[in-house]
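Inspection log for the structure reproduced underneath, given as C-alpha cells.
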Amino acid sequence: SKFEYVRKFESDDRCLPNCWMVVRLDGKGFHKLSSEHDYDKPNDSRALALMTKSAVRVMEEFNEICLAYGQSDEYSFVFKKDSELYNRRKTKIETNICSLFSSSFVYYWSNFFPQTYLKYPPSFDGRVVLYPTNQNLRDYLSWRQADCHINNLYNTAFWALVQQGGYSPSKAEERLRGTVASDKNEILFSEFGINYNNLPELYRKGTILLRRKVEQEHEKNVVGQNGMVETQRYTKRRMTILPLNVDIIGDKFWEENNDILGSYM
Amino acid sequence: SKFEYVRKFESDDRCLPNCWMVVRLDGKGFHKLSSEHDYDKPNDSRALALMTKSAVRVMEEFNEICLAYGQSDEYSFVFKKDSELYNRRKTKIETNICSLFSSSFVYYWSNFFPQTYLKYPPSFDGRVVLYPTNQNLRDYLSWRQADCHINNLYNTAFWALVQQGGYSPSKAEERLRGTVASDKNEILFSEFGINYNNLPELYRKGTILLRRKVEQEHEKNVVGQNGMVETQRYTKRRMTILPLNVDIIGDKFWEENNDILGSYM
Amino acid sequence: SKFEYVRKFESDDRCLPNCWMVVRLDGKGFHKLSSEHDYDKPNDSRALALMTKSAVRVMEEFNEICLAYGQSDEYSFVFKKDSELYNRRKTKIETNICSLFSSSFVYYWSNFFPQTYLKYPPSFDGRVVLYPTNQNLRDYLSWRQADCHINNLYNTAFWALVQQGGYSPSKAEERLRGTVASDKNEILFSEFGINYNNLPELYRKGTILLRRKVEQEHEKNVVGQNGMVETQRYTKRRMTILPLNVDIIGDKFWEENNDILGSYM
Amino acid sequence: SKFEYVRKFESDDRCLPNCWMVVRLDGKGFHKLSSEHDYDKPNDSRALALMTKSAVRVMEEFNEICLAYGQSDEYSFVFKKDSELYNRRKTKIETNICSLFSSSFVYYWSNFFPQTYLKYPPSFDGRVVLYPTNQNLRDYLSWRQADCHINNLYNTAFWALVQQGGYSPSKAEERLRGTVASDKNEILFSEFGINYNNLPELYRKGTILLRRKVEQEHEKNVVGQNGMVETQRYTKRRMTILPLNVDIIGDKFWEENNDILGSYM
C-alpha cells in the first residue's frame, strides 16, 4: 500500500561481528516487588529458583547462548561469539530474550510461590553489551559476581542486625556505614555466630548456567537367554542445562570449562 | 571494583528529540501458538481481548503513551512527541514495554481463556520506530490498519471456503490466489451470504486505545432536610483508557480527537 | 578473497528520513591559525571570503544543499529534507562535505591571501545533525546567527579596548566581564564613537548562501534587416549561488524565501 | 540563548572500547582526476608519493596512529587499540582525519606535480571500521594489500597491451576478461618481456607507514686537545615515520614489528 514507505524509518542495528554479545536483564522495581510478595530476607531461595527456571527456559529456546549468570533480580546471557541469531540485530535479540524471560517468570511463578498470589505482572529491562575479548567477557562476569558478593555480605549483616540484633533499619544502616568486608564478617561472626563463608554458595556466588552432557540412568526390560524378562540398566548422555554456584572470578572455572572461551587461557 | 570498567562498553542510544516514538510489539510464532491453543478462526475475540488487556496494562504503567493500536498478534504504542521517558533511551523503552506486555499476557491469560491451559510462555519482539511528522505517524497507523483489513478479508474468505465451503486449505488458497478485495467480498457475499462490511469492527478495524475522561455515576447516602437518609446520585469525570474500533485512516478520527496530534490538521 | 569478510564490520548509518540534515564544519584550532596568519581583528574579510568561496564550491558540487550559513571558522550546510544523497549515509555525507571544503580552503587560499604564505594544511571537523521540523531547523540557524552576534559584539568591544583604548588583553577581558549587550554597545559608542549597528552586516550577521535565479545581460551580434551587423542585448536567467548578510532569526527572511521550507510558515 | 536546545539533537557515537579503530579514506572520482591530470599509467609515482606525504602529515598530527597503509587513491590509518582520541567519538575522528588528509593533498600538490596545475579541489570520503581482534585487523590489511596486488596486476597487463601491444582499450579488456593471475603474468612475460615480480614493490605492495626510531648522523665542531677545531661525528636516535613497501599478508612483517599488535602472534 501507499503507506508502506514508513518501514524505511526503521533502523538497522547489527552488532559488531566477532564480539561476545551479552544480554543483561534486571527486574524493574524489585525492591517493591520483593517486599509486596514477602520475599525472605536477605535471600529468598524460591525467588532465586524462579529466576533460574526462567533463565533455563530462555536457554532452551535460544541455543546459541553458551552461558548465563544470575543473582538478585538480574540475569546475564552470553551468546557464543559467532552467533548469527537474528543477523545479530541488537533490538530483536534484546526484546526477544527479555520478553521470554518475563513471560516465563509469570508462567512459573506458582511453581515456586504456591502460597503467594502474584499481585501484578512484573517486568524487566534488557540490554545487549558487546565485549571484544575473552578478558573483557570474564571481567564482565567478574563484575556481576563481585556485585553479588558485595550486596549479599551487606544484606546478610544488615538483616542479622535487624532480625536478630534488634536494630531498627536506620540504626543498622548507620552501624554498617563505612565498614569494609572484614568488619562485616567480624560483626556476623562475633555478634551472631554466623560464619559468612559457610552460607550457601547460591547466595554468595549466584548461579551459573552451562550446557553440559550428563549421564542419565535408564532401564529397559529385555528377555534374557533363559527366556525370563530382566531389567537392564544403561546410561545415556544427554545435553542439559546445568546450574552451578561456584566462583567464576578465578581461573579454575575457566580452565575446567575451557570449551566456553575457546582458544583462550 | 577493578571490573567496573566494563560498564563503558554500554552504548548511549537516545532517540532523536521532537519525533514520535512508536513501539511495535509482535508475537513470536503466533501461527503455532494460535493453533496449539485452538484460537477461533479467523478471529478469536478472547485472544484479541487479552492482547488489549495487556496493552491497557502497559498504558496504565506508562502514562506518556497517548495512543495504542492493536490487531492480530501485534500492538503499537505511540508516545507523546516530547516524552522524556528514560531520557528517550531506545533500548530501555523497547525492553520495558515489551517485558510488561509479555508478562501481562501470561498474567491475564486465564481471565480470557479460563478453559484453556497455556502450554508454554509466549513471547513478543519489540522495536522503536521514530516518525518526525504527524503525517508520518498517521501513515504508520494507516499502514497497520490497512494491514489488518487486508489480512482479515483474506482470512475471512479463506476460512469461509474451508469451514463452510468444504475446501481443503490448499484448494482455498488456490481459489484466492490473485484475487483483489472486490473478488473476496463477492465470494463471501454470493457463496456464503456474508456481507463483509457487517462483520464486527473489532475484526475489520483493530483496536485503538485512547485516554479519555469519562463520566462515572456514583451514589452517596446523605441525611436530607427531613432527617431521613437519602441516596444521592452524582457523576464524576475520571481518566480512563478507552477502546475504539473505528477507522483511523481517514481524517474524521483525527478531527474528533484533535488533542493527539496537537496543532496538526 | 578470503579476507573480504572484513567488510561486514562496516556499519550502516542511514539518517532518519524526512528530517533536515545539517552538516556543520568548524575549523580546528583556528585561534592559532588566525594569529599565525595575521588575520585582521576582530574580523578578517579575506578569511571570511575564503570560507564563503569554499562553501560555494561545496554547494556547486552538492546540489541538494539548499542553504548554507557561515560565520567565524564554521559553515553549516542544509540539505533539502528529502535528499537521498548517498542513501542518506551519515558518514559518507559528513566526510565528503568536510573533505571538499577543506581542500577548497587550501586551493583558494592564495586568491584571498595573495601576500600570506599558508604555513601548514588547516583542517575542519564535521558532523551531521538531524532536525525533524522547520521550527527546529530555524532554531538551529538562529542559534548559529545569535552566536555570531554575541561573539562579534564581544570581539569588537575587546579589540577596540585593546587597539584603540590601550588596554592590555587581560585588562580588556576584565573590563568586559559580566557586561551585557547594551553595556558593550555603550562602551563602543561613548568611548570609541563606534555605532555597532553601523558595522558591516557581514560581521554582524554572517553569510547566508542561497540558490537563486539571476538575470544576466548578454549581447549578440546579428545581421539586421538593413544587412548591417547590430549588437543585440538580452537577458538570461541563470541559477547562481547568492550570498546574503541578513537576519535569519526573524520571519522576514523566511517569508521572502518561502521556497526553502516549503509549506512552512 | 533560547535556541541552544538544538544541541540536544546531536548524537553520541563513541566507538566500542578495546577494538582497533581503522580510518579508511578513498579519493572521490579519482578515475577522472587521474586522467585529467595526466597521471602515469598504470602507476604514477608522483601521485603515490603525494598520497604518502599527506598520510605522513596526518600521522605527525595524530600520534595515536600506529600504522598506515596506502595504495591507489586510498589510505587506511590504524589507531592503537586503547586510543582515547576525541573520547573515541566516531564522527570527530573520521572528519578530522579526512579533512587534514584532503587539505594536505592540495597543500603539497605542487611539490610532487611541479609542472601540473591542479584543476580543482579534490576530495576523499572517510569511514571508521572497528576490528575486535588482531586477526581481524591483519585480515583487513591483507584485504587491502591483496586488492592492491589484484588491481595492479590487471592494470599492468592492461596498459602493456594498450601502450606496447597496440590494443584498443576495449580489445585489451576483452583479452583479459576471465584470465587468472598466472595468465596475466604469462602475457606480461612472453609478450612484453616484463617479469611482474621485478616491478617496483611500491606498485605491487603499496606503502606501509610505521613509527620507528632511526639513527641520525650529526656533526659538531669542538676545540680539540691541541687547540684545533675538529669536526666530531655522532649519531642520535629520533622517532620518525618510516615508509615500507613490503608484504604484510604473511607473518614475517608482524614478527619483525611485534610491537604493533602487542602480545599477538
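Each chain carries a letter (A, B, C and D) given by its place in the written order, and its residues are counted from 1.
Definition applied: contacts are C-beta pairs under 8 Å (C-beta built on N, C-alpha and C of every residue); 3 or more make two chains touch, one makes a residue touch a chain.
Bear in mind the structure is a predicted one, so any value in this text is a computation, not a measurement.
Taken together, subunit B and subunit D share the touching chains A, C. Counting every residue number used by either copy at the subunit A-subunit C contact, over half are found in both chains.
In terms of C-beta pairs in contact, C-D outnumbers the other of C-D and B-C.
Of all the chains, the one whose CA centre sits at the greatest distance from that of subunit D is B. In terms of their C-alpha centroids, the spacing between subunit C and subunit D amounts to 33 Å. Mean C-alpha positions place subunit A and subunit C at a centre distance of 56 Å. Between the CA-based centres of subunit B and subunit C the separation comes to 49 Å, rounded to the whole angstrom.
Shared interface positions of subunit D, defined as residues touching 2 or more other chains, are 9, 16-18, 130-131, 136. Viewed as a contact network, the protein chains are fully connected, with every chain touching every other.
Chain contact summary for the complex, subunit C toward subunit B: residues 16-19, 130-133, 136. Across the interface of their complex, subunit C is touched by residues 1, 3-7, 9-10, 25, 28, 57, 90-92, 94-96, 98-108, 118, 120-131, 136, 139-140, 142-143, 146-147, 150 of subunit D. If you check the complex, the residues on subunit C that touch subunit A are 8-9, 11-12, 14, 16-18.
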